[in-house]
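Multiple structures follow.
Paired with chain B in one complex and with chain C in the other, chain A is shared by the two complexes that follow.
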Partner chain A sequence: MTLELRNISKRLGGMLVLDGLSFSAGLDELTGIIGPNGAGKSTLFAVISGFQGGDTGSTRFDGETLDGLRPEQRVGKGLARTFQVPRPFTHLTVRENLAVGAQDQAGEKLVDLFVRPWRVRAQDKAIFERADATIDFLGLGPVAHKPAGQISGGQRKLLELGRALMSEPRYILLDEPFAGVNPVLIEQISERIVEAKARGVGFLIVEHDLSALSRLVSRLLVMDRGRLIADGAPGQVLDDRTVQEAYMGGVVS
Partner chain B sequence: MLPYLVTIAIMIGIYGLLTLGLNLQYGYTGLINFGHVAFFAIGAYTSALISLAGYPIALGMAAGTVLAFLAAYPLGLLCLRLRADYLAIVTLSFSEIIRTVLISEEWLTEGTQGLPGIPKPFSSLSQGNADLAYLALVATAMLVAILLMWRLSHSPFGRLIRAVRDDEDAVRAVGKDPAQLKIKTLMLGAALAGLAGAFYAHYVGYISPDQFLPLVTFYAWIALIMGGAGTITGAIVGSSLLLFILEGSRFLRDVVPFVSEVQMASLRLAVIGLGLVLFMLYRPQGLIPDRSQS
Partner chain C sequence: MTEYINLVIAGTVQGLVIALAALAISLSFAVARFPNAATGDTMTVGAYVAVLVQAATAGSLLAGSIAAIIVTTLVSVACYFLVFKKLERRPLVASLIASIGIAFFLRSMLTFFLGFEQHVFQIPISRALNFSGIRIIPIDLWLSGIAILVLAATFVLLFLTPLGRRMRAVAADMDLARASGIRSGRVMIALWAISGVLSAVAGIMVGIKTVVTPDLGWDLLLPAFAAAILGGIGSPGGAVLAAILLGVAQEVSTPFVGFTYKIALSFVALIAVLIVRPAGLFGQPERVR
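Right, the complex of A and B next:
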């Protein structure tokens, strides 16, 4: 059970953003990705989630190829993602945002809506029960009925995670869950990630907050200029000299 | 006075249907459809031609609705993967293409001469009663459309199309295809416009291509903006207000002295334009705002 990337390259405007990247990550693990700005982390997420096509290479998810699948089809396979800058549906309430995350809703199909209204009603009730459970899980209770455009940045991060969880994924690509979030909330988000993992959801996490990330993940990948330059347990990777040089840029040395 | 009010009420119903369709597309889903009149025209001509050929009016109206519904499909496929502003351009052009086809395909549409003598329902009744019966029919269609819209907007489907309006990529990230949803709402909105067109044709009894100028599309937009996009009540209040302004400004003649008929016509449009500008300045959310918009 792995997410397997083989020889992924991506050129954007003449720049080789991803340069023959290969790795495989266990679907039941917490894996972190770090790297300086411009290392290609966000592009990597875009390629894995299908929002951008890679120029070369292939992606396999639990043995099945994802190549050629659109983003929404990849979610159907159990691969969800969040965005670095949260993208809530601003005019829907927090609760409705979560409900949209649920998959295979009869009520989203016009025929079922009019032909099988009872089924739609029963299913929607179950979806909102799950949304409410997710709201409790993430501590979003006080803002559950607010339009998502009116909640704080930290709450948006939680909502972003919650909406991804609502699709009942097996694996989530988490893009900077701690950026712009206060330390207390970072703890809270970390705990929720660990709990979700205990329920069988794996994570690949891009993050700049090294200390929070290394406490969370069991394996850390380091990217620089579209390549992997280190891979291992967080403590060991952060001691690596090449990593320090790449990550600190010109500051050290 | 009564027949005049009945006429206005019927026109409110027709514009109401048109605006409800646009509300589904723009108010809920965020689609900028600048070619709504195309589907109105398809509905009107289809229903007129079928009933002129001797088939029942009801069949013509149903066919007009269905054909408008279907006509939106290829249009949706063509441009719904493009950005919103391209949809605006493509739909506007589409409506002008439809109008040009109506002008040039004389074997079918009689070209600019138009189609006179379109059968009216309830013709066995007296003129006044027939109009009242027609009003009841339009009102019934309106009621059904309102219930349909209410069901749609208060359903998981309604939730999802409002999500599409907010952020298409985020919709894809939760595993749903925004293009499919946009095609569906484009088609449903077009069907309502088609039905409105059929009602229009059988009411006025004569249609020609110059009744299907882009102006009709923008009347529906004006109604939607004034009433408040994203609410059913807004669409209906808006179309009532539109007709009130369009018709009411006729009576300006009686209170504004020293202007000629020609000047009056221009003054009327200027008043409508000024009203719209004031609306956008002081009440951009419309009379009946969508409460989730803030």
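Right, the complex of A and C next:
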């Protein structure tokens, strides 16, 4: 039960953004990824989630290859992702945003609306029950019926996590869940992540807030210039000299 | 005064026809991200199928309409698979130009096989109901009723069904929709099917009100485009309201500018809106997004 990356390379505009990256992460674990800006973390997420094709290499998810699958097909396999800057469907309500994230909807085909309206109705009801449960889980009750464009940045972060959870994933790629979030909410989001993990959802988390991240994850990967330069328990990795140099260097430059 | 009321009534009927086409264009713009210029000629195809099937089935307008809806839906979905799907990742202009090409192609096919000859729907002649000078033609009532029904059904689909929710999601943010696991292909098929149905109904309505010629839909494309822009591009509700306004404005202007030039009003409205209020009359430009 792993997410396995083998020899992933990606060149963007003449720059080698991912340079033969390989690692595997347990699907029932919390794994963090850190690295200076431009280390290739966002591109890595784009490749794993299928938004960009890698130039070389292959990705396997629980033993099954993901190569050539489109993003929506990967979601169907149980691999969800969030975006660094949450951008909900602003004209849909929070509740509708969550409902959109649900998979295997009977109401997806136009003919179903006419051929089996009762099934569409029943399934839609079930989807909204799950959406309501997710709203409770994340504490979004007060804004459930507001258009998502009107909620706060922190609430958007929660909604983004909720949207990913609605697809009933086995694994979620979280892109900077704590960026621009106040300490109280960071605590709240961390708790939700731990709780989701207890329910069997694993996470790969890109994050710049090292202290919050190292409290959360059991394993930390460090990227620099498209390569992995360290891998291990958070305490151990952060004490590593090469990591400190790469990181400080990256931040300064 | 009664004369103006009659013009407003005629304009409303005309506006409802434009609204069907404008809604199809507005939806294509919101969801597929380009305004479909083939909407007009898809209407023409619908009108031809309906009028020919009616003639072949001893005057059954219902059979003609059903056949028309089936054919335009197939044409519309086929255009998606053969053309628009392949241009999905290209800029808007590529799909827009392609849709103009499809428009010419459809019209050429019609004139090639059916010629330029006019066809007329067989409609029982009925007397206008006269309320002290205000005349209402029963067929107009029927047509308006059907148009309102079709428009309402489209909005129910868009705002009250899971499919509509997904369409609005794709309209809002394609990447986020894919990250949410939405299979955009299915949403697109639904979009083009709906567009086909709307075009067929609009085409048949125009055919019944006037005559069926190869230019039937193309002539209506400009007012429909004007309405879609007037209503705020990508805003389906705005497009419908703007279409009715435009229809009424066109008719009411007839005593002043004459029958021939009323169509020019669409141009004027279009240019004025683009200059003065590019976002359209109703709300922000990215209303659906």
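As a convention for this text, the second predicted complex is superposed on the first by the 249 of 253 C-alpha atoms of A that agree within 3 Å, B and C clash if a C-alpha of one lies under 4 Å from a C-alpha of the other, contacts with A are read in each partner's own complex, and residues count from 1 in each chain.
Heads up, the rule we're going with is that a contact is a pair of C-beta atoms (placed from the backbone, for glycine too) under 8 Å apart; a residue touches a chain by one contact, two chains touch by 3 or more.
Computed from a predicted structure; not experimentally measured.
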Put chain B and chain C onto chain A via the superposition and say whether they clash or fit.
clash
Looking at A:N7, would you say it contacts chain B, chain C, both, or neither? Reply first, second, both or neither.
neither
Between chain B (first) and chain C (second), which, if any, makes contact with A:T90: first, second, both or neither?
both
Which of chain B and chain C A:S218 touches, first, second, both or neither
neither
Just checking: does A:P147 make contact with chain B only, chain C only, both, or neither of them? Give me first, second, both or neither.
first
Does chain B (first) or chain C (second) touch A:V100, or do both, or does neither?
both
For A:F114 in the superposed arrangement: first (chain B), second (chain C), both or neither?
first
Can you list the residues of chain A that meet both chain B and chain C?
49, 51, 70-72, 75-76, 80-83, 87-92, 96, 99-101, 103, 105-110, 113, 120, 124, 127, 163, 166-167
Touching residues on chain A, where the partner in the complex is chain C:
49, 51, 70-72, 75-76, 80-83, 87-92, 96, 99-101, 103, 105-110, 112-113, 120, 123-124, 127, 163, 166-167
List the residues on chain C that touch chain A in their complex, please.
157, 161-163, 165-166, 168-169, 172-173, 175-184, 186-187, 189-190, 193-194, 287-289
Can you list the residues on chain A that touch chain B in the complex?
49, 51, 70-73, 75-76, 80-83, 87-93, 96-97, 99-101, 103, 105-110, 113-114, 120, 124, 127, 147, 149-150, 163-164, 166-167
Can you check the complex and tell me which residues of chain B touch chain A?
151-152, 155-157, 159-160, 162-163, 165-167, 169-177, 184, 188, 290, 292-294
